[in-house]
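Look at the two complexes coming up: chain A is in both, with chain B in one and chain C in the other.
Up next, the complex of A and B:
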């Protein structure tokens, strides 16, 4: 009996959610619950607030209002699939799942359904090869870029020589954390440093043994591929064993305010990569006055201007620019997912355009093409100042070593193409 | 009124012992099967397949498997997630090693491999009981997940440690891979569930099932009347793991298509399947189905109601789901410790007499 009532309820709900209105539908597969909520919440707030700003200020994109459909995934792949299936029927234009695991699920599905995915700085790295992954984009940077940027930074610190140094990689034991290993291994061979790998299991609250190992082995540097609660624990554990914080570098998912504040002053000097500069952009004032003050803030509105909030806003800006580009190419305001894909492939982000949008210098300049879905691949290094509670940028955008990454991308994407029977080519 | 039993005579021993002795139940069973096989495949879309039916069917197979071990044989297991992982990885290795063999054979073989692994981890059950056995199976859970993460042979040395299901066909229709029609996905899971449920039902009412139940009810007494505990316990582990392996293989190949062991087959999966059989009813095939349906459908239904219809914040709704499911588990444990299956049994007893109870 119970089963039937529930099924009837679900049916009623599915019917009542109704046909899609002529809007630009942007699904937001967010996670505001679970061990990764600390990172998921500000990103989603920034993502939604920017689209709300476009609605309030410009009446949407090209005169077409944006409708955001939020769906909670909890960073869980099963829920991610459910969210994908429930939102795609509404005419979703572009997916940004903010989870490497969910991205792996969605790549084949979205390719079959012909909906573009944008995985900014996460997901499958070899998706940078647009001839194999026609529907997947990972500009402006990916994990292998991050690994290379980190090593390039360390080379700079050491006068161009890492010979004989040891670098430990503390990584989330999942597809996400394992992604940089291949690149770091090639780089280790090339530059003569020794790489030791320390896996941390989901969700990452147990890291005592890994850090004891670090204390015993005394590596020169520790790189971290962490996310969610794992980052906070790692920073605390590094402080506990007295590891010098300036030699501890997180990737760009391990460098937000909430990762370092729990450790207090002990976190001072911790470094991380970042793919977007965080300063007080004029666009944030617009969001404050037109979205937050109007009572339309996503979430509780408390994350404004934080690292991941700005990154979410940056992701929304790139999506909005791609939609605008698609409208320009096809001459219609009410674009389809296939048109948005064309817009993404023709996307060009210049300093002048970022200035116009009120976020000058938020990211590097880059342009996308069919062959290259990966963008510039640049990242900067920032350092935490615990006294002022701010991230201080130490460098400008650093370029990765494309000579190392390009062959790896070609190899991995060729393997995927062979495995799934894809003939590489442009659409 | 609903059940018209007048004239429903049994003339043979077989008729008296059939699964649905009441004619009305029998008709309803055939109607359910007919709807499941002949109506739903023509109406199903991607959302209904991927969000509701396919997960329900796959978890139902896992719940039947665990119910054989825990509900019928009384051996508590927390290793379900690990055994599902064995099924998934076995299926993946077979799919990639023998691409020309039918996926159906791979799924059955994956079940067989899981049965062997499950039997090996069932050996401690000959010496230890109850909570201690639960801890031993918990070790299986953690060991297997660690193994599939550590040894890269299991995921064919892929950079990310993910396994991806290549496209495979049954009778010319893709059943795995991204181009699978929702009806094909649904039907292959439905066929496996139907067969598993039939096998499970017939095993549990035969000699072997009776020896399981004897061990469950009192193992010393069972030994005295001539039940071999070694055989009974190990067959229970083998059969249970066989079903769980099949569900793991389907979960990976047909439902998700790409799997990461720590995330998909963690300890939460073991608990989820355990909750399914507790809520559904220990020692009941119908209970396994009802429990799986309840724990799969309830979150989706609540989400549709609260987020899509009422427009509540998504995080609030997820927290409500946790609280409501927790509250409902407690409610069922207090009000009906034998689960949904017992509720159904009581309702049926009342309905048979209604409207003139005595």
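Up next, the complex of A and C:
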């Protein structure tokens, strides 16, 4: 009798604690602790709040509720892999690793497990070639696009001529920081500007040598590929040496509010790229009323509307649209990861659709295909207004130079295919 | 004079200034190691915690607000007042003293007589615990430290020295914050030395550092001295946290500044306050000069971190106890 009762209780417990089969499971590999928490927290808040909105407003996606499974990575690659391993069994539909290091580790694993990865504006750039990286998507833009967008912006600023100009690249001395070098070298050759490279060691707390070098060499422009404390210190050091802030442009991971506020007024005029426009979207009001006011916010609500919050929300929207597309293609609401991959590959984001979703103009229009997992590759330039503590968009979305980027993507992805024994093709 | 030569001097000056900042972190390690033989892995986190506490108090932030809100469903974040800087510094010192007492009372009192490696492990645990408590208490957002510390290059120095070279020399760059840090470090070191030499507690502290058993035999309370030493290390950590936090904002990567102190300690010795200063200066100048002359032109840059450790290793080979460390004599 006792044994029967125990067995029944164990069975009931197992049933109660097991995954709800009908849920659409979205893991959130977040980092709310550690040195990079200031960047990870707002992104994760935006990512989760949008799914919470869909649950509250629409009952999920296609009538299926979304279940977020959050796992703290601390921006640590090993922990990120552990998070992947511990959440994939829940029925994970799509991963957003939010770290280039974690992405590199997950590419072979997720490919083997047949779970799609979305690395929005980070990760392995050549994953834009969907014929090699069937399960990896990096739309709407990647690092090489960012480098090209920055140069195209500077070309525009200089009447189409950068000949004889000097551009210094201050970069995090890591795989992430080195990503744009090859593209910038090609562009330097093409447009006749001189590229000076200055590496900054992790974590970037001490950059005196690099900025003294910039003060000596007086480049016309400084581009920055930074993350974490490196950004705040670089902005402060640039101000310290009196470098004109309007000639200092960070990439889209060096353009959030917390990157500039520690330097105060001295950061005024600093520019950065962005892959998502930051304005007061109608969807934010919906999130406020249906998620935050209902007590279901992912965080404390303080990051609502910030650059990285909006980016997280944008990433969630792209994931939700891909799931909806998968449901449409396969005619079922309870989709599998493979079906979501199909949805991602057939994704089409239009201005009209973004308007319907209450986030008109948040990103560029783009469509995804088997050959192109990279999207439009566009980015805009924004400038920090210290007096108002706001980022002001200076441009519309700028296109990269595909004639430069495409051969680099083809070459790098071909090398990956060769070393991994992959025969390129569509699924 | 040639611009290259003058820029070399500029690099040396800035290296000295950077060295002072490294030494500020190293001082905290030295204080605790000298008095108790504990290598305090948590020193960097203490700098972070002290800076977080200072900013939190100044801004009138409610400690553990996220936790309270999550438990009670409230929405409180700030008390609605701001605390003047000096009072906030005083209150932060009190918090660090309370922390020192808690560390001694709850951790190290129970580990008396244990092997140094056990004590070191305990400080690793302490580091992670304190980082978590700091996050829970004050949140993980980057905070601005509004103490009104001057920032930016000194135009006066720049203008006065610009005429030393030709058109391609723009005068020496010296960061005003680094100048302040240098003055603060000098005052701090003089104060610590004066405290150790001329006060009863300071002499007791030195007695404990020299010989625990002998100090005990003349009635000095080890518990009291260790609380005192951890408190002093906490105050030094606060100063380091303020100076580094002024550069980057107060954020969790501040705890990593401990990495800059390790080669300083290896070079200067773990038991000498002057050693921490001289070690800091040597490392600061060495790494900056190497980056300027060899690292950036020939090796692709970013050589400072590894060069600092390499320099310290070279010193270790010839003088294992560090420049100013106590000579290791073992008699059979």
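Things to note:
By definition in this document, the second predicted complex is superposed on the first by the 406 of 427 C-alpha atoms of A that agree within 3 Å, B and C clash if a C-alpha of one lies under 4 Å from a C-alpha of the other, contacts with A are read in each partner's own complex, and residues count from 1 in each chain.
Following the convention adopted for this analysis, contacts are C-beta pairs under 8 Å (C-beta built on N, C-alpha and C of every residue); 3 or more make two chains touch, one makes a residue touch a chain.
Treat the numbers as computed from the prediction; the structure is a model and nothing was measured.
In the superposition on chain A, A:81 makes contact with chain B only, not with chain C.
After overlaying the two complexes on the shared chain, residue contacts for A:32 are found with chain B and with chain C alike. Of the two partner chains placed around the shared chain by superposition, chain C is the only one that A:258 touches, whereas chain B remains out of contact. In the superposition on chain A, A:240 makes contact with chain C only, while chain B stays out of contact range. Once the two complexes are overlaid on the shared chain, A:199 sits against chain B and chain C alike.
Look at A:109: by the touch rule set out above, it reaches chain B but stays clear of chain C.
When the two structures are aligned on the shared chain, A:173 is found in touch with chain B and with chain C. Residue contacts after overlaying the shared chain place A:229 against chain C, while chain B stays out of touching range.
Touching of chain A by both chain B and chain C, each in its own complex, is seen for residues 32-33, 37, 41, 173, 199, 201. Across the complex, chain B meets chain A through its residues 45-47, 50-52, 55, 149, 159-162, 164, 166-167, 177-179, 255-260, 262-264, 266, 290, 293-294, 297-298, 300-301, 304-305, 307-309, 313-315, 317-319, 340, 344, 347.
Chain A meets chain C in the complex at residues 32-38, 41, 173, 197-201, 203, 205-206, 208-210, 212-213, 215-216, 228-229, 232-233, 236, 239-242, 258, 261-264, 266, 295, 300, 302. On the side of chain A, the complex with chain B involves touching residues 1-3, 6-7, 9-10, 13-14, 16-17, 30, 32-33, 37, 41, 70-72, 74, 76-78, 81-82, 85-86, 88-89, 100-101, 104-105, 108-109, 111-112, 124, 173-175, 178-179, 181-182, 199, 201-202, 412, 419-421.
Residues 7, 10-11, 14, 18, 66, 69, 73, 77, 131-132, 135, 139-142, 144, 151-153, 170, 173, 175, 244, 247-249, 251-257, 260, 288, 291-292, 295-296, 300-302, 304-305 of chain C are the ones that touch chain A when the two sit in their complex.
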